[in-house]
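Common to both upcoming complexes is chain A, partnered first by chain B, then by chain C.
And now, the complex of A and B:
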């Protein structure tokens, strides 16, 4: 009878690797890369607007409707408030109290879009269209593109809200969604400054 | 279908450029657009560095 080598428990030699949390989650990295491309896209639009505007002795060009600077300033404040509410929702997420501030952020974002639509109706009635002038073309191109991003951001917030209600919203997903909304909000004052003022 | 909707692209910086007054704007925007990616990438690199340091400190 030969002596069989003793069986070795390799789990003792090589313990199972510990699950490690990445320093920067994949969702966040992906969203940051996407937001970078968006920043460069809007940078191109603002650049084109700035160069074109510099060719005119006065802006808006004579005969063009005046943009509603004061009403849009109020609307800007509402959009900034939505970012504040979303930040609060992020702080409260771990405690399970993110629902109310998240709904508030969605309501403020919705108000911003509706107010802009109302503003656009008035401007179109006054004669400012995509083809009425260079001023109109740039206004609707830049502000309209941003409005599309706000709508997309609202879609993201709705999706986050649904996952939160289902109890399936992870911290990393919430962070990635919030980054997009912060981008949309922080971009707007820059566009307001360049396009309206 | 999009061909049927063709219209002049008024929102074009190049079509009306090069008249003299826009040279400063060209320079300004060239600087901004050149530096923007560097600032973005540098900002994220700085943030990731902080995250790594915090993770190492938490791990002891």
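And now, the complex of A and C:
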């Protein structure tokens, strides 16, 4: 960041207290607190879904289309790969070789949303809508909310990349941004398990 | 953060070299990033909303005392208007008065000053937080004027009443209300992140965890509770909004939805929320009582850990609001036990405050009076909560005026008494002047006595069977009796008196800002760091580099032995 203000000389006071020194960088704590809120938010959605689902003798309810379990499993693997690539980018950041894996992570994330959009078109054709049943409503609500998070996460990655290209990406910012993407990725298998299986 | 010396992470410009640089009007009052001005914005907005919500209470209480009369300054209250007034009163007092004033205003003002930082760690995030909050306040006000009127489905907004326009009769009002609440939560989310990060990373050199004043701790714990509980409610709010606008059936039992689900999502947030507002208020009292008893706070660590324990427990009591919603009786037993358990830490905290008073040289200044009356009134609220927590008793008491009186004996001390305590205590720091002591005393007694006169009668009407959210009790033969009606009239008259006394406060507040006696830097001879900055600090930044404090001891060293003064400030070696 910009040049630091002049050091205050604490030795003049006696006995000298320790200067302020963050244990964890501010950006990282802020992101962790935010992710914690997000976890509770998705926890709310998933519990609501679980409770509603347990009121039905069979799920999906009769007459409602099945969800594409296999295709989504492949898509899940793609999303997990993007987290791996981002992890690689983080390791290579200090050496200045983060660019390629970061691009790869973005591409994999982009593929995931596009594939989901494709899946949605098919499901709507088969008659699964938010109004058709609580099954459909929860499906679009939970998966859609996650998709919005993927898009937001892609936005974060684009911003990180722009700062990286300009040579202004600090280690802490990069960590905070990565934490968000890891959250979005790790959340997905949980949602896949609760919603699809 | 690359330079931990400085608390401005997202603050690129170099204005901090010349420390108290002059700010332009818009920088100072319209779009400030300085935590002190943001605090004042929150406080002012909250107070304006309080006036509106107080007026609503006046209108619907008049209807209950004198059914069908044309209420002065309002007119005849129709049944739909009645519902809407009650709903807006409750939700505004909780979300647009208690939250912004207690958490956002005091949190913004006190946290940086009390930990010796120049500002929040993320000042621009802080500004965004207030702007979102203002937007939410504007939204909720807009909701009163749309066709159909303001939302009237109660602050708890239970479906199916709230989910369908056929039932709520407020097609636009309900969605606007819901959207306003959601935007507001986003605002407090940003604020809360700032509080936690600032308290963790921007403390003055030498300030260890146990040197942090209780109020700072409690506002941070409250923010964490808020962030931990609000997620499920936001999830529920989105589902409710979809039910209202997109025709989904999340909460519609006819189409496979579950209306009780909303109650779980709401109260999972709703109960922690009451501790979210309680903790800052009780923290404010923890700052005031030692100053005016000239005694060290008794059991700093016990109070702190009690606060944390309360916060954790508050996540396991929510279903005590649903004892009559058809939950499994075995489940009800569990929640009865947790509810009774949670009163233990609260009682302990009250004992510790009383122990602080014991043997002190107590000065009944206005802030001290407010702080003591907080303990007294809140005690009544807490004790009546135990009756409600016993599921057997609650089957009878649920949704009666006993509940209304219970939560007003908790919320009123928190939102009103706690705010007055804080404002009168920190007024010299906020505006550099004293408030008038005599007017303050009159306002105090007028407010607290009339408050008790409002709600003691309501315990009795509740026990006699008055259900809440009833438009006109004369429609019920057994409730429309003169015996009960005069209690309702008593409560209403006391309310009007209480509201009139607030004029005194507004006068005293405004007059003292401009004409009050000038206050020195440390008027109450207090030990915490905020009293080391010049009163009514001039610009952005709180200390010059030379006066930036370092911390040597805990925050409550009063009657310190071996000193000429009877107190030992945190920053004096």
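In this text, the second predicted complex is superposed on the first by the 176 of 197 C-alpha atoms of A that agree within 3 Å, B and C clash if a C-alpha of one lies under 4 Å from a C-alpha of the other, contacts with A are read in each partner's own complex, and residues count from 1 in each chain.
Assume a contact is a pair of C-beta atoms (placed from the backbone, for glycine too) under 8 Å apart; a residue touches a chain by one contact, two chains touch by 3 or more.
Computed from a predicted structure; not experimentally measured.
Chemist: Is A:24 contacted by the first partner chain B, the second partner chain C, both or neither?
Modeler: both
Chemist: Is A:133 in contact with chain B, with chain C, with both, or with neither (first, second, both, neither)?
Modeler: both
Chemist: Check whether A:50 is in contact with chain B, with chain C, with both or with neither, and answer first, second, both or neither.
Modeler: A:50 contacts chain B only, not chain C.
Chemist: Figure out whether A:141 sits in contact with chain B (first) or chain C (second), or with both, or with neither.
Modeler: both
Chemist: Tell me the contact category for A:38 with respect to chain B and chain C: first, second, both or neither.
Modeler: In the superposition, A:38 contacts chain C only.
Chemist: More residues of chain A in touch with chain C or with chain B?
Modeler: After superposing on chain A, more of chain A is contacted by C.
Chemist: Just to be sure I follow: which residues of chain A are touched by chain B in one complex and then by chain C in the other one?
Modeler: Looking at chain A, the two contact sets intersect at 23-24, 36, 39-40, 43-44, 47-48, 51-52, 55, 130-131, 133-134, 137-138, 141.
Chemist: In their shared complex, at which residues does chain C touch chain A?
Modeler: For this pair, the touching residues of chain C are 1-6, 9, 12, 14, 16-17, 121-122, 189, 192-194, 196-197, 200-207, 224, 227-236, 238-239, 242, 246-250, 255-258, 261, 264-265, 268, 545, 548, 550-552, 573.
Chemist: Help me check something: in the complex, which residues belonging to chain B touch chain A?
Modeler: Touch residues, chain B against chain A: 7-13, 16-17, 19, 21-22, 24-26, 28-29, 32-33, 36-37, 40-41, 44, 48, 51-52, 55.
Chemist: Which of the residues in chain A come into contact with chain B in the complex?
Modeler: 23-24, 32, 36, 39-40, 43-44, 46-55, 130-131, 133-134, 136-138, 141
Chemist: Where on chain A is chain C touching in the complex?
Modeler: Going by the criterion above, the answer is residues 1-2, 4-8, 10, 13-27, 29-30, 33-34, 36-45, 47-48, 51-52, 55-56, 61, 130-131, 133-134, 137-138, 141, 145, 170, 172.
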